[in-house]
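Common to both upcoming complexes is subunit A, partnered first by subunit B, then by subunit C.
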Partner chain A sequence: MTTTRTTLLAALLSATAMTSAAYAADPIKIGVVTPLSGTYAGIGQQVKWGLELATKEVNAKGGIMGRPIELIYEDEEANPAVAVQKAEKLFEVSKVDFLTGTVNSGSTLAVGQVAERAKKLIATTVSFADSITGDKCSPNVFRVNAKAGQQSTALAAWLAKEKPKAKVFFLGPDYLMGRSTVAAFKEAAEKVGSVSLGEVFAPLGSKDYSQYFGQIRAAQPQVLYTSVAGNDTVRLFAQMEEFGLLKNLTLLGASGTVTSQNIGAIGKAANGFTTGVGYSTEINNPANKAFVAAFKAATKADPDLYGTDSYGLIYAYKAAVEKAKSTDTDKVRDAFRGLTWSTPQGDKTIRAGDHQAMQTMYVVQVTDGNFKITSSVSGPDAIGPDTCTRF
Partner chain B sequence: MSEAAQYFQFVLAPQMLIGLVLGVAVILVALGLTIIFGLLDVINMSHGEFYALGAFVALALSTIGLPFWLLLLLVPLIMLPVGYIVERGLIQRVFHSGDRHVRTLLLTFGLGLVMEDAFRLVFGPNPHRPETPIAGGVEALGIFLPSYRLFLIIVGTAIIAAVAFVVYRTRLGAMVRAAAFDRDMAASLGVPVQHVYAGAFAFGVALAGLAGVLLAPIYSVFPTMGRDFILMAFTVVIVGGMGSITGVVVAGLLLTQIQAIVSLYISPVWSDPIVFGIMVVMLMVRPQGLFGRLGHG
Partner chain C sequence: MVDALTRSMRASHVLVAILVSVSLVIAAVGVAFDDTFYLRLATEALIFAGLALSVDILLGYTGLLSLGQALYFGLGAYLSALVLMVVPSFWAAIGATALASALAGLIGGFIVNRVRGVYFALITFGMAQVAAKIVYNTRALGASDGLIGVPVIDINLGIVTVSSASPAGFFLLVLAMIVILYAFAAYLLDTPFGRLLIALRANEARIPFLGYRTMTPRLAAYVLAAMIAGLSGALYPMLRGFVSPELMFFETSGNAVITVVTGGAGILVGALYGSALLTLLKSVIGSYTVHHLIVIGVLFMGAVIFLPKGMMGSIRPAIERMLARREPK
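Up next is the complex of A and B:
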């Protein structure tokens, strides 16, 4: 009986508290459609952590124009069809002002169309596909993270500086992602003067890469670019070491080629592997150090690329709304265009022509089993041409 | 030098040599499979997982400091009782039922799934890799081959020869072949058939484990590694003639050479479909395979 009464009282009190808060300032609602279960749950977790940390910080300092931020979550299961339903629900029922969280590039594109119909804005903090701010761009979609093209441009710029006119051989896994990453880097590298010697695509999950080594040896490359991932990387690098192919060869790859999951098994064969990414916990500036410390204190985990870009988004939205002095879609869109705001990765700027964020890109290299930042490429140099023609 | 000779030296010969290494690896895995099939008439679907078990046992033992060369002897010896217990404790229980093929196939399939998940629980999902025990390489006539792969060809050939010798030239082998040919007649002549069955299963499993230790430095160790060679090994057993040791050797070398050479001319993605295509054709025109069954002259 006592418990019931206490619960009732607590409920009543909290209800009063909520109403009074609402009177003080209506919250700004941000919908988060992100995978909270399934294969991509790990990414969704980082998105959630990043958004929550930034929201807590912003609300503690008085919110956006005096209004607190409220995050409303929906699980999209990394499935575009589910993401569409959940986004519609958030726009129509929860009446959110803004939406983010989509991981899968297909989900981002699909939810972008929902946003156009609902006349609302969305932003992705994770999706890599170039088309989102390229040929499939939308006036209602923004991207605050680096696209795939920025990663390969950064790596190609580093290559041009380190090894001008490098002779490059390409080895990719034989499926869509593998072929498109190789094609993207090939284009970026050739643009800065590299010479492509040849390319080979091995079946996904190949046992033995030594059958391609004759071809690689005959081409005599200075650089090998690969976009294999997971255990395929372990086998490729180990077998190359076995055949003495790593001598005088620079290994480059996609950002997912060498990860914390497989770096141990690759061992010393991974030394010198270089890739381009948008974030590393090692970025040496006070903002990043404070962010990493706060993130670790809140979650007991290191922030990754996805957590950091999601954290930065809240500050981008805050800056845009404060500039527009409104949450109105058209006014916020105008405010976003050309907006510069600061993040743990340094200042980012939204390019008005395609809604893609420009940011410093980092080139990281494996040294004794750890990723070290070797150089960076400035935002304007890495972003590439604006190919969006819709607005 | 003529262009054809140069092509042979720099393109074809290295490719065939690499195919030979893969061939020896496949034969090592398929050898145990064919013995178990030829003798027990059991299609061991968990054979790949026993191959993985060998690699994981070696991985665990190497962390306490045992050298690779000792593991090469030790792991098969550990696998022998494991195989013996699995045969007596699990396979014998369903062996005498009417639909033996289906039941043993399902049993070993399930066992393989359980083992794969056990590896994941104990060792985690990420890959591991032991350092290559012999570094460096040998270069002859402009062809480079890592020393460890040369070692693999030599040791693999020795193991295959030893297995063939035991099966075809010793009293033990004669008992095994007799039990495979006519179980009741062999039993009535005093062959301890029960033990021969369990022993042959253990022997096949130990061979798989040995292959696991030998191949780990090249192909790395991870929970689903058992699936790597199993399809190829089954194909080799079917094409060679189920239960035939000669068949496994001939088909193993033939199919891996076809794979190696074909991938020079068409996309390597097609090398698997071609090999499985050969298997399908074989099943249609000569279902008994290239050579006959174990014990059936």
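Up next is the complex of A and C:
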């Protein structure tokens, strides 16, 4: 027993040594620390698909400055303590040039610190906590996806146009992300003239929302903003429909409130639900159409926000390295600052002051079970002020 | 003449001595190859070995299954991170953690020691979950994002100064720290107090007939375990530079129990070997397959079925026999 285990261990160790040996072709290595198992495995899958599609395309056209891209994956289990260990392994043992893939904001922040100490760069394509490019910004961290603030700004701009001086009621799940999304939208909506009537927070996983309906009805709102997600949305919307609360009420929400996963279960109660997002497969431009077709052909699934942002990142890194003519950290960082590159979502630009990508934001509405784009907000209007003070 | 329990403890000391020698060789090899990752991984394994050690004091000696030991580990980690961000001093962080974890262990001990058996396991689990949720939702503690920006510190040991960023230096420091915690626990458990704990595990109802109170040793064991978990946790932010609420989640507590059972319960040294094995396996297997949890699960089941005393629990009797032969008759 012990002997077998030792042999196995020895075999595994020597395999590690082999992968770290130098390749003749000298590829550019990109580490991907992403959840491949557990709750967030679905997001990790999209990240992987997006990165792989872009890598295949870039490598087919000669790679970056003649060097092919090689992706090296590690499972972070959506746990920052695992993510830092895996990131360190990629930086120190696999000697990756660049790293991406982290999903939850805690992992992105912690891995960003590892990158600072290893003097390497990372980018997130998923995490949306404002702090990553705000008060906890790092010179070694970039974000190519839209942050929470961009989503709420886009939605508030739409609200101001469609229903000026709207009376809004807020209902969120009672935990930090729920409360902070409500607070962010409330601030953005009040800035454009909306009137806040009140807010309630229901426990995560609530079975019965009717206890809040009296309060909502008494306030007589025109608009209800909610940031509940998953099965909570299914129950909330179904119960609101039963109680006849949906009449003459516009439903707004966070981008995770109604998704392709729960829209079927919500049924027609989801009709008219509106949210602000950074991507929709409906975006009508040739680049997006080609991307959706290629993505479907490769994976037999539709790309979502995460897959698309991850796809775009490879092209951003390519553009930055080609501009810097090097993979050196300082040179690539300078090249990233102010970089504009094209993605299926249109052109994106990385703001030099906080490393946040500016992009056109879309307002999508559920119509007969499908998401339809109703309007868009330009990048500079949606990004908000630069609050990063570290660099 | 040495009695059987003292001889068993000496056998554990021999196994720890072997582990320390191997660790010193690893440190030397690591320095020679200018390695960072594996040394820091080994450091992390030692830190989690400290947590497992605290679980073993409760599970292996006192017979109390704690499913919430991450509460004290997390407390130590957060407190150490907060102290280091204000005063970058190793001793301040360790001192504050020792005090706070003893206090928290005393309070928690009064709550959980009112019940026995499965209820003890459930209440420890519940308390850790409550604490984890509070941290997860407290903005001042970084909430779900955790706290980043714990500075690299220089640890003044009197004769030499070690930087927490030096892979080999910090590895040796953590090794020393864990060995001290082990030695302290081993010393206490070899005194009459330790015998009382073993008696508690065997038959608690008979202890009062021997003239001892049962609450005092149970509480003392719980506080001791809380302090060891807290002090191990205090080393985590020094190594990784951050803390996150995941450190307090059930996964951390559960892993510590798996570590003890795989390594061997009731022998202290099992926790150290178990942690080294599991940390290495997780890191290596995780790079080859996303199904690493299946491998860990199968290993755990295998250990329970084929090595019910754990890896070291199966090896230790051989060392005990060897020690017995060398004793003067």
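Quick note on the criterion: the second predicted complex is superposed on the first by the 366 of 391 C-alpha atoms of A that agree within 3 Å, B and C clash if a C-alpha of one lies under 4 Å from a C-alpha of the other, contacts with A are read in each partner's own complex, and residues count from 1 in each chain.
The rule is simple: a residue touches a chain if its C-beta (ideal position, glycine included) is under 8 Å from a C-beta of that chain, and two chains touch if they have at least 3 such contacts.
Since the model is a prediction, treat every value here as computed from it, not as a measurement.
In the superposition on chain A, A:113 contacts subunit C only, with no contact to subunit B. Look at A:36: by the touch rule set out above, it reaches subunit C but stays clear of subunit B. In the superposition on chain A, A:182 contacts neither subunit B nor subunit C. Once chain A of one complex is fitted onto chain A of the other, the partner contacts of A:131 are limited to subunit C, with no touch recorded for subunit B. In the superposition on chain A, contact is made by A:242 with subunit B only, not with subunit C. Touch criterion met: A:89 reaches subunit C, while subunit B stays clear of it.
Of the two partner chains, subunit C is the only one that A:105 touches; subunit B does not reach it.
Residue contacts after overlaying the shared chain place A:79 against subunit C, while subunit B stays out of touching range. For the contact definition in use here, the subunit B contact set and the subunit C contact set of subunit A share no residue. Note for the complex: subunit B touches subunit A at residues 10-11, 14-15, 18-19, 21-22, 125-129, 131-132, 137, 144, 146, 148-149, 217-220, 222, 228-229, 260, 263, 267-269, 272. Here subunit A touches subunit B in the complex through residues 174, 200-203, 206-208, 210-214, 217-218, 230-231, 234-235, 238-239, 241-244, 261-262, 264-267, going by the rule given at the top. Looking at the complex, you find that subunit A touches subunit C at residues 1, 9, 12-13, 15-16, 36-37, 41, 74-75, 79-81, 84-86, 88-89, 92-93, 104-106, 109-110, 112-114, 117, 129, 131, 136, 175-177.
The residues of subunit C lying in touch with subunit A in their complex are 35-38, 40-41, 44, 136-137, 139, 143-146, 148-149, 152, 165, 240-242, 244-247, 251, 280, 283-288, 290-293, 306-307.
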